[in-house]
Amino acid sequence: MIQLFHVSKCYPGDAPVLDDVTLRIEKGEFVWLTGPSGAGKSTLLKLLFCADQPTSGQILVGGRNVGRLTQAGVPFLRRNIGVVFQDFKLLENRTVVENVGYALEVLGASDSEIRERALRRLEQVGLKHKATSLPLRLSGGEQQRVAIARALVNEPTILLADEPTGNLDPGLTDSILQLLFDANARGTTVVVATHDRGLLSRYHKRTIALDKGKVTSDA
Amino acid sequence: MIQLFHVSKCYPGDAPVLDDVTLRIEKGEFVWLTGPSGAGKSTLLKLLFCADQPTSGQILVGGRNVGRLTQAGVPFLRRNIGVVFQDFKLLENRTVVENVGYALEVLGASDSEIRERALRRLEQVGLKHKATSLPLRLSGGEQQRVAIARALVNEPTILLADEPTGNLDPGLTDSILQLLFDANARGTTVVVATHDRGLLSRYHKRTIALDKGKVTSDA
Amino acid sequence: MIAHVAWRLSRRAAVNLWRAPLPSLVSVLTIALALFLGMSFAIGLAFARSLLVSWGAQASITLYLDPATTDDQARALLARVLESEPDADAVYVDRAQALRRLRVDLGDLAGALDGLAQNPLPPTIEVTPRGSPEPAVVRVIAAQLQRLPQVAQVDYGREWLDKLTALGRSLRGFGLGSLIAVLGAALLVVANTIRLAVYARRDEIEIMKLVGATDGYVRMPFLLEGALQGLLGAGLALGSLAAADRWFLPRVQQAFVFASGVAAPQILLSHALLLLGIGALVGLFGSWLAVARFLRT
Amino acid sequence: MIAHVAWRLSRRAAVNLWRAPLPSLVSVLTIALALFLGMSFAIGLAFARSLLVSWGAQASITLYLDPATTDDQARALLARVLESEPDADAVYVDRAQALRRLRVDLGDLAGALDGLAQNPLPPTIEVTPRGSPEPAVVRVIAAQLQRLPQVAQVDYGREWLDKLTALGRSLRGFGLGSLIAVLGAALLVVANTIRLAVYARRDEIEIMKLVGATDGYVRMPFLLEGALQGLLGAGLALGSLAAADRWFLPRVQQAFVFASGVAAPQILLSHALLLLGIGALVGLFGSWLAVARFLRT
């Protein structure tokens, strides 16, 4: 499903952020991506949904070479990928339910369908009662859960979650992870970047460790 | 140092966010503030540095009644309080060292002193090499550490840290906490809001638990 | 599909206007000012030119008759004038009438005439060409009348007519030139203001793209809002023009008595529609440019 | 302390301009347009009025002499005129000269004169008051000259002089009124544009306050940037005016031949300084209002 061949990413004047990364993630896999702060986890995820281009190397997502996508092809790639951003990236001037629904709106779903599916996801993350709030009125953990609901709402074939539980208490963390596992069980390929050693040890899954842009272990 | 008497905070149309909270934190104490997502931890911290006003109740910080502060008094209160915001709140158009230095700049320190002290703090959080980057170019964990450096840079008498390690790997978490303990040892009163049960169990300190706006335990 | 997307986007545009009115407000105001200026400039120009034309047309030709001319001779002459210039009106003003007029014109200064031993004014025939003849035509008529007997002197304000002609020509060139320059500058400001309004919402554009919206889908609400802002701006400009027309112009009307005969500038429905159309286009196009700028990054 | 804070803030203003040029750019452009419009409006108004005054002043008085007057009589009369009106120039135009002039004036149409059996033009004395006498004064002089012997008719373009007087009066009222209205609207747009520019940086203001900056310290860099933007805007407006003066006006100069004698509008150093001062004040005050709006929340 996801393949990286000798991918490097450099910003001028700095040490490379990703350094010759080669990886293969199969369809339906669940993968932890871990590593210290600044290791390049978020950068790696960004490359997968084409928010940035690698300096060198090739990336295949769902069989397509991401580097060869046209300007018009990018949105269609992204619609098959749900992303939970580390900084949430919620639309400030839209309510919670509108934010979650936006991922469906771009697909051209009908208003009633958007609303129904968005509310269902919000219920799963425990935020149905905040549906009409604006994101700035939410607590950090609530914002994070809205971001998770949005990523899941259109049943993407790939789910990329960047530190999705950093602002959640242990109880919520487990229930959110259960949502990710459920999606995975329905066939979604899931990649979760996390620092939380507790999670890694509680849920044994394939774990890719990055350090200074290099893959240091993969098991 | 910090006292709350029957403090409540309500937003119209919602259940109260804080509900009759009475607390006393002594000078030089180190306190964990914990509770599930949406419990009111961030709101409580906000009230302490006057970013919001309680609906009812009195708050004393350093012997002053926060509710009675004039418009002009607020900045002077804040200069004695270092805050690590849950969403970092870095100035986008200033470099990392300028961001950290800003807390000193408002005190009227000289350019060379600002630079020197800001760089020292950045070194302590392991980011000296990113001093001239803009915050948007940093990883999540790096941004969080900049926020921590800024909170510590002017040796505040009170330090409020909202989820300061949510984006940090365990190694960094420990070294950052060590900085907080050091500040505490130098006399700073420290309040840290966190979800991380691991921290609570590793570092035994007074722990105040909130749930739905009420203090459920304090030990 | 198209219809319900359009409906959804219109709803969103309205909601955005409601939740964050400032950027839209500024765009609307700027567009309104630009259109108001352009429009009043154009109207002023048109008015000034028609004023000049009317002045040129009013240029009457005065035939000063030989002081020795009798009333009968003068009347016979008047008949000849009317006959030879079918496109002109003519009246005979005798010496006594001329003196009375002068007294009235002089007002307080009329005393200066009291010392006159005899009426020094010659009888005149005043010829007023009908229609709005060009200055050149007025000259020919004057030259023809000059040949009539008993006509001592023909006066048709040659000097002034020349000045008006030159002024009219210069208004055409200068006015149009500066209209274009000012409109260009105003458009530049409008485009940049819209860009600033979009800049204030650049995060929104970034997020929309990251969540899988096509460029077109991101652009759409901005275009719609831009067009709406343009329409509102044009409406505001029209409203101000109408208000100026209604409340401001009458106050300076007395200063414009000399312009009686020139139709007051009128805002026609077609002008209003044109202005609304221009407003919508400006808003639309400005938004397009602005969004394109932020879509690229 | 004050000095190094000022230096630091100036540095920051420059850095901000460099890192995020759009908001500043838009403010600068808007201020420039507003000042340019206001200034050229004021200049145009002043120019139009001095043009009118000069036209009024040029109003010469023509004494049509009795056709029977001999050259000697006419010259004696000229001497009397010069004596009685020490503030005026006067020349004698004999009948032959008058006819030659008419031929030249008629140009292509001069043929119309060929059929004349005898020269129908009377001799004239042309009196030109020196200085720029008011229309009323011109009237008195004309009335006095009327009393002289051999003077058949005095012509001083009464009708036109009245129109000019009225036009001048209306320009004063109408022009000043619309100048104020346009400047008011432009200021409104400028203020709102600056507010939008500050709005795009509202997060910054919030963070600064949370980190312990006093309102004054938050405001300072915005005020400085506002003043800088105002200065730049005024500079741009001045530059455009100078450019228009240099490149645009000469092109329409030929259309302005009739205005020879009126000093071309000049941008004086004092005007330039005034404009720069106004620009800085507008930027400063606009920023103050805008920041105050976001400091309160």
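In this document, chain identifiers A, B, C and D correspond to the written order of the chains, with residue numbering beginning at 1 in each.
We adopt the following convention: a residue touches a chain if its C-beta (ideal position, glycine included) is under 8 Å from a C-beta of that chain, and two chains touch if they have at least 3 such contacts.
Note that this is a predicted model, so its numbers are computed, not measured.
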Minimal step count in the chain contact network, chain B to chain C: 2
Furthest chain, CA centroid comparison against chain A: D
Separation of chain A from chain C, taking each centre as the mean of its C-alpha atoms, in whole Å: 62
Where chain C and chain D are represented by their mean Cα positions, the distance between them in whole Å: 19
Centroid spacing, where centroids are CA-atom means, of chain A and chain D in whole angstrom: 65
Contact graph of the chains (line, ring, star, complete, other): ring
Which pairs of chains touch, using the document's own definition: A-B, A-C, B-D, C-D
List of chain C residues in touch with chain D within their complex: 22-23, 25-26, 29-30, 33, 36-37, 40, 55, 64, 66-67, 102, 105-106, 109, 112-113, 115-116, 120-122, 136, 139-140, 143-144, 146-147, 151-153, 155, 157-160, 162-163, 166-167, 169-170, 173-174, 177-178, 181-182, 185-186, 188-189, 192-193, 195-197, 199-200, 240, 244, 248, 251-252, 255-258
In the complex with chain B, residue positions of chain D that touch it: 1, 4-5, 8, 16, 19-20, 203-204, 206-215, 217
Touching residues on chain B, where the partner in the complex is chain A: 11, 34-38, 41-43, 86-87, 137-142, 145, 162-163, 166-172, 195, 197-198
Contacting residues of chain A [partner chain C, same complex]: 49, 51, 71-72, 75-76, 78-79, 81, 83, 85, 89-93, 102-103, 105-108, 110-111, 150
